[in-house]
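Structure first, then comments.
Here the chain labels run A, B and C in written order, and each chain numbers its own residues starting at 1.
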């Protein structure tokens, strides 16, 4: 299925320079694109490569267009954010290629008679839906998912195979939950009584906004008394753990393997690198960026970029530096003694 | 459903001061409780807030009662461990609110004819139970679970949806396994033969005691020849990995994302913060507490609290400190030279 | 079922010294083996123990045989790699004990009419197989698995229960994927447009070679435009995350909880300790070994052993060293001042 560039620009905006009737069939990187592709330049370091690309059309910024637009032979689409424009063009082609899902309930699914399934929703094979659950129009619940009692899934939200979405939890519209994710398992709450653990029932829910994407095997625990909250447009990668009663602000994104302990309050527009860890009951304000593999052990009340991981080295070098790190107190003591001795020497003069 | 305070105290003990006939419907935190709630004071810093709470009843310690008991208008329940008492009251109300599960096997479940399912057990939709498995009275196996050949599930143990519990594994009574957990996958065992990996069959089991709770997406591998052992009252949060042939002592608790490599032997009454890591074949004695994000690379033979993570800083500051950490050997050398020079200077005098 | 030692040596090679007709029923460690077992010595430190073992037969290297062969009473099997030999003997006994899986499609499975299931394959209960998928001879797809549209599973590859293998993905022969693993979920790709995230469709695949083993709850994301590639004989433990467009070279092994961000290119014959992390778009050459809990933040272009984690200490000691690490800049400054002062002092002389 080919598309005229004009169609893209009508839908997505941008200034088209060249033949609007040019037809393209998809998107490809600068170096592998051919005359049937659109490509994009989002990194100015690749200007020279972009000028030489064989793509039929090039998405680029005004500044890049000023620099290399003339040198490039194809059609240009000039836009302030070429990377976001590329994403939307890719969405356009992905929608064209998508195989439509016919609404309906697969005969092998096990749906409680008190559940409400919108006629426009799809329920796949071997799905289980418990009493009072509510699945909205356009929702897609793939094979093997479990939806607990009273849970709510919003319009056009898509659960991939084998997602568990437990009792009472809610997700808004246009969400995506990937396979193996578990939403609404019990939070980790125990009181200790003379060495033995007494379970604290976890009766809160997980409440998720619109446009949220949750990665494969990610787990978000239900709250103890109050709810765990994930605001709109939050994006969570795979293998993430979000503890009970956390609150994650809108537009915040976390890369794979991040862990957030219970009752952490994280602001909007934050980003977390892979395997970053956040202790419980902390506050992190808006616009905080945490590097991968860094441990947040105190609240962060000032926006900015924070890091904390031990630098990698050849093992032999690391062994030396680690041995010194263990004895930094001794090193500091030596410096103090040197300072004293020198002070004495200087004063003697 | 409301309950008289007298009923709570008869069941759970504690000294009731005030009207034992007061009725309550649930539990709530100090600041949001109203006249229908019980609340609790477990942190002396919140005494002032507790004195002002609108709750019908307040659970508190003798010391806190001496300090603010008179100032508070409602009924007091005095007990040595208010937090554990709160947990038990919450359990009481959660049981009242629980929807009972009717025993029986869902018609869509696939149960091998040689499996033994107690008539008091519940087997949910799309569950698979293999030959010779044994499911005890009161056990609840939710939708989509897999129970392997010869596996045993004890009385009143609850598997949430989509748990895998592989061949030969055993769990005792009153256990809870959350969704997505995988118990008894093969341990990671390979011999290397000129660069190629030769799989070592994993023929041990996972044997789990009573009162164990295992979090969502947590994995516990089966042993190579001997078994992997999880003793009574162990509590594991989500996304934890326990390698083959580990032995985890009773009452030990691990927060989310912890990893324990093969053949580690961990004592009783230990706690592990989130994302702590333990190398294989180590011994950790009883009563050891490991901070979050800390790496245990040697055996710990003395009880205590251990930590090892790089402190978080603004990225620019971290870059400076990390560069120095990489070159600590140089710094130590400089100090040694300074010491020599000063020694010479001093001796000259 | 007992086996003559001769049978083992005919199949696996090695030099047999003693009675080839001796019968054994299995393998056991040095200290627990009895007259019905084969055992092995792979660590020269255990020579004394090996000389005393009650096993019927001992697998050992020529050097160890020279040292203790005479002292040991049983049959010896001398081979250059006793540990690999042990693994193969264990495989031999595991195959003897294995309960054969009868090919066929369980009646509760949901198989699309356009899927191709080889008559020699086994499809378990509650499995879902989408259109155009291709399952080869001898493949075993256990209960609750999901196989997406057009996915391909090679000869004798085994998926344990509840694996998700998404549309278009491929795995070769003799592979093993453990329960809860998710292959081919969307990569984590978003463009940011004024604070909002625009999803980049993930239209690549995951392509996996022969003899690959993938652990429980491990996730491997599909590529954005190109594919994510896992070469032959790669071994991945549990709870690992491999981002989109990664390329992992043959014979590389990763222990549990490792995370690899998108587009990392990792060589052959590498090993990664548990919870090691690799940033995206890096290159790691062949024969690199990363210690557990270490963060790879730059490309590694030289083979070797690399480490980077903060050494564990008693919490009080860690607090001291961490405080100094935070202020290493100050310490360096003090040393510079000392050097200047001393230079002045020395020059004055």
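Following the convention adopted for this analysis, contacts are C-beta pairs under 8 Å (C-beta built on N, C-alpha and C of every residue); 3 or more make two chains touch, one makes a residue touch a chain.
Everything numeric here is computed off the predicted structure, so don't read it as measured data.
Chemist: Since chain B and chain C share one sequence, what rotation angle in degrees maps the C-alpha trace of one onto the other, as a multiple of 5?
Modeler: 120
Chemist: Pick same or different for copies chain A and chain B, depending on whether their interface residues overlap by over half.
Modeler: On the two sides of the chain B and chain A interface, the residue numbers are mostly different, under half being shared.
Chemist: Between chain A and chain B, what's the gap in Å when you average each chain's C-alpha atoms?
Modeler: Roughly 26 Å separates the two chain centres.
Chemist: Scan chain C for residues touching two or more other chains and write them down.
Modeler: 108, 126, 144, 162, 180, 217, 239, 257, 275, 309-311, 313, 325, 331, 335, 338, 342, 345
Chemist: In their complex, what parts of chain C are in touch with chain A?
Modeler: 108, 110, 126, 128, 144, 146, 149, 162, 164, 166, 180, 182, 185-186, 188-193, 195-201, 203, 217, 219, 221, 225, 239, 241, 243, 257, 259, 261, 275, 277, 279, 290-291, 294-298, 304-311, 313, 317, 320-321, 324-325, 331, 334-335, 338, 341-342, 345, 348
Chemist: Touching residues of chain A toward chain C in the complex: what are they?
Modeler: 27-29, 81, 83-84, 86-88, 90-91, 93-94, 97, 99, 106, 108, 124-126, 142-144, 160-162, 176, 178-180, 211, 213, 215-217, 233, 235, 237-239, 251, 253, 255-257, 269, 273-275, 292-293, 309-315, 318-319, 322-323, 325-329, 331-332, 335, 338-339, 342, 345-346, 349
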